[in-house]
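Take a look at these structures.
Each of the next two complexes has chain A plus one more chain, namely chain B in the first and chain C in the second.
Take a look at the complex of A and B:
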């Protein structure tokens, strides 16, 4: 990915064009198509206000999908997203209730809780060799149990700290929500991590063939564990942002993020069995899913129809460009 | 090695699941406040049967090295459908039952067709079709309601000869009439072969496509039987997203507890049934010991986590570190 040696900017441009993944191009094409369909329905779909609003909604999914992508690139999956998101939000709000110190520590506290659950996933997958689908399911159940026991099954009364609210809803740049900036920073970090660091390259290597990666001297178990911990931290951070957006945490607030995050990563051209995919595609997938959900709800289609179309569109798009080589 | 040793090695997972279940159930039964009675067994078996059918469905797909994340949604869909059409006279009811089972079969066939001919990954395919099935369920039952032929419902959830719970008999019948012939047929053997190594199965001329198609279709059918029983127990239809999802996730847990390898090629639906029964008993243990119901999710999660960690003991037997990577 980084072996472009062309000195001329023009040559570099051509080389970049050639390197574009057809799946990424197709998903960006689908975004344009969706906008076109939307604009036929109502003019306001192309207004900057609407688009910026969608970008803000997408940034929560974007942060969560970043973590999911790291794990999917390894050829694993993280099903613990729903309650890690919720745990991150609840723990951050709980910390925020403890005066000034609590308010300062709220965000790190939420993220650390997520990282801890992620670490548990990572140890299970990397060192105990438990299939990721089942260990993340189990930690999800444990996280749910802890949160239910902690809150007594009710919506917690603590509200989000000022910093959390500012991070999710404030505007440093006029007109652009801070949540979008947060996603941009995390996205930039993810691109750097995946393409410029040994850790990122090791993730791709393990996703392609863990045995070969191990034989070439990569500590595959440590990399896998760290990737899961990162995924947990990012999910929890997504929960912190969501809590800031809604100004409090709620039971099962993360349920709506598991399937869309997987779908976004896969629609963005990342191979579900690992080893292949670019962050650019994930950005496209996240925006695609968010736009699709938004357009369906603006058209006032009932929840039933929305689910039906949502599923059908995902299958259709995958049939167009996500097929495995025979 | 003598013949029975091979048999023992093959059935180890199933026997372990039976062992776990018997142990759990003994603890449960001896500590039950009402004591060990036909009534208690009937209640316990009615609750466990639903999960057992879904777990059987999941096991059949998992054996082909696939996964079906739409089983819970097929259960929800058929539950909603049954609350409309399994009513009226004997003939109407019979037609209704046939219609419900046919719908489940159709859902499974759609999954199979997309996975085989669309060449999409089972995980994403069934996530998307699951969303579609849930959409249809929501169309059928926007609000919980409906009814069912109560004579039939009571007959199938009651007791045979005053002792044997009918739901258990139905479960055994499904295992005998569906699983046993299937696993002994050419298609069934091909399903095991495909799960072990698709390439090798292809080279030996096994009917891979037919096997996968049959597996997904049967999974749909078995989920529909589960949905039918859910209607018999609750007398209503409800498109509940959370419970559909829970059935899917629990089915994976039950399959793992039942000794079916998530890598495919090893295990049996009988094991999955006992895995499901054991999983349900674990959930009920807390009520017996009079814990606060708030702690139930946590307890279930921790037991699930310990159960899946049992598989990690296999690592102690590994002689070559490369075997870690399977």
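Take a look at the complex of A and C:
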């Protein structure tokens, strides 16, 4: 025992090092590389204003990717992101059109709509045993249908409430967008949830070996259902923030967030089959994806070329990471 | 034994899995036109021998001769090509394909690169005819056939490969008595056609009816070969028993009846046709063993008690109160207090890449978390206590459990449940594949837990363990409790004979007829 106590600080150091995933380190390395390449094209690339702007853009993706991470850690996937984002934004704006009460309820209303779709996904996956890839794709289509029916296919006329706009574009801390603060709070909550609660540990356990988790008496179905509900709520919250940023919701505003949210989580070292990954990695992945998108537009590459390069880089990185200790 | 040159001969075959010697310089001769039965306890090396013969695994040492020439099979299809075909105990048919598709699954007849349906059907009909199942339509879907007919298709599938040696590994275990009779007619006809048949079964009376030669395996070696009918069942069982070493087991204290209701009681428990009419009582401070051959329902019984199986019939009582256990969550609740140490620690007991800490925590969150929030200090204290108590050898609780030795991994599986302070502990073969030293530690631990008031139900495939550890043993056969042994009755002889469903040498079926 005395031996164990003496070597404890050393062990803690080893544990710390062990905790830094090579994938996370590589993501941060890539971020530095991108910044370097970007600075070659444009002086302003390294300016604080530009970087803070990037961080703000990243925070929308960051909120959405947080939910995606919970689901991927379970070994599942949530493909309903595009229209859950849109539904969250549209429903929040719709509520905001109903006077003062509506304005107050706008944000919770948007988030609850997302949580409801997510809950549906969760019930389908956990209790009805439908593969998540199928059920989330189906609820995405249903959400799309509902939104198109609601708007008649045109851009909705309702605009975002003041609170939504303040949350996305205001500055509590001078120079730092509130959206970044929101992401920071959600990120902190996610880290706490994943490491300090039985729910978080159960997510990792299920992602590693669902059968063993089930035989340990973990209520695997409830955990799975709740994770999907959280993912839906966070996607919708991302939509609410986006609507606040642009002052209104738009058709298919969420389409640009499905692949990036999955890519950000996986680039950050979360195993695509579940069970392994840290939130720090997801932060790195989100920033990396945002910078990549930004740099491609700074380089003034045509839209087609941008899409090509963007997709190719994601495939390449996933190939490299995906092969690690499978 | 005929003096003629054998069709197949194995010499000095050895196979090790890690530290476990599955087959130890075994030899065997197989002659054409004879049915050769292979007998042995669980883990005697029978299955390993078959796997070597059909190229599923490669031997570490030794050689195999087929028709006088040395052969090596790198995969099952090479063995099939050479004429060695096995029908495994699990049915290997694809339910949603037709009978003809299944029979021809590995190499369908082709014309211009496409499957030749007509030729396929013709070959299938021939094979079915030879298997004595000409009444099965080749176009029928396998899933529409009853189990016994599927077994016929399985035999036809094997025959379509034109085998010289046909191996049947527990091929009749899923069949009813009347189906077995039909299969036997087919096998006898195949024998008269000059095939060599290797027949593995735990049913003594089947072997008595069918076999020409018998070989007994024990501890990975062939102990004896003799012509069928020259030895009594009792003598055969003597040959199958007998181990080189004995474990040291802790003393069994005498338990006075305390008048309290049993910790766990089952009344007429059933599950489909896999569990039938199971009734027993398990008291606190008692270790009951579950014996019998592999796959006689022991695993299902433990899972049923733990709430994993649905549609269980019968009643379960905890401390005299009737309860419904419909999930592991319910089973581990304080009111019921069950724990299950599952069979396969790698897939059922542990999350291998996760830390020792996470694994030890998984079944006992409630012991150190309030409202779902983990109290880190309390968690660490409990985990450190448990690591010390069970003597898990790990440098740190934060190491992944996959870095531990097999024995220590098994200790983690047991410890993770002890964290939850269970009152009734179910164990599914907890010492399989671990070293002798750790085994002894587990025996002492089990006895200590019982002395401290736990009720323990232990399934083991190791007879020594049942004899040394258990106060009573329930021997299971075909989903039912065949016999209960207590105290001095628990002998290897009694265990083996009741496991084989014979009464100390007398076949039960024969006396029933």
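Rule of thumb we're sticking to: the second predicted complex is superposed on the first by the 302 of 326 C-alpha atoms of A that agree within 3 Å, B and C clash if a C-alpha of one lies under 4 Å from a C-alpha of the other, contacts with A are read in each partner's own complex, and residues count from 1 in each chain.
Here is the rule we go by: a residue touches a chain if its C-beta (ideal position, glycine included) is under 8 Å from a C-beta of that chain, and two chains touch if they have at least 3 such contacts.
All values reported here derive from a predicted model rather than from experimental measurement.
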{"item": "Fit or clash between chain C and chain B when superposed on chain A", "value": "clash"}
{"item": "First, second, both or neither for A:52, with chain B first and chain C second", "value": "neither"}
{"item": "Which superposed partner A:37 touches (first chain B, second chain C, both, neither)", "value": "neither"}
{"item": "First (chain B), second (chain C), both or neither touched by A:79", "value": "first"}
{"item": "A:211 touches, of chain B and chain C: first, second, both or neither?", "value": "both"}
{"item": "Touching partner for A:276 - first (chain B), second (chain C), both, neither", "value": "second"}
{"item": "Greater residue coverage of chain A in the superposed arrangement, chain B or chain C", "value": "B"}
{"item": "Which superposed partner A:252 touches (first chain B, second chain C, both, neither)", "value": "first"}
{"item": "Contacts of A:131 with chain B and chain C, given as first, second, both or neither", "value": "first"}
{"item": "Which of chain B and chain C A:189 touches, first, second, both or neither", "value": "neither"}
{"item": "Segment of chain B that clashes with chain C, given the candidates 6-14, 42-50, 78-86 or 168-176", "value": "6-14"}
{"item": "Residues of chain A that lie at the interface with chain B and also at the interface with chain C", "value": "211, 214-215"}
{"item": "Chain C residues within the chain A interface of the complex", "value": "306, 308, 327-329, 331-332, 340, 342, 347-354, 358, 361-363, 365, 369, 372-374, 376, 395-396, 398, 416, 420"}
{"item": "Residue numbers on chain B that touch chain A, as the complex places them", "value": "67, 114, 118-121, 123-125, 127-139, 142, 241-242, 245, 249, 252-253, 256, 262-263, 294-302, 304-305, 308-309, 311-312, 314-315, 321-322, 324-326"}
{"item": "Chain A - residues contacting chain B, complex", "value": "77, 79, 124, 128-131, 133-135, 137-146, 148-149, 152-153, 210-211, 214-215, 220, 252, 255, 259, 262-263, 266, 272-273, 302-312, 314-315, 318-319, 322-324, 326"}
{"item": "Footprint of chain C on chain A - complex, ascending", "value": "11, 14-15, 18, 196-199, 201-202, 204-205, 208-209, 211-219, 275-276"}
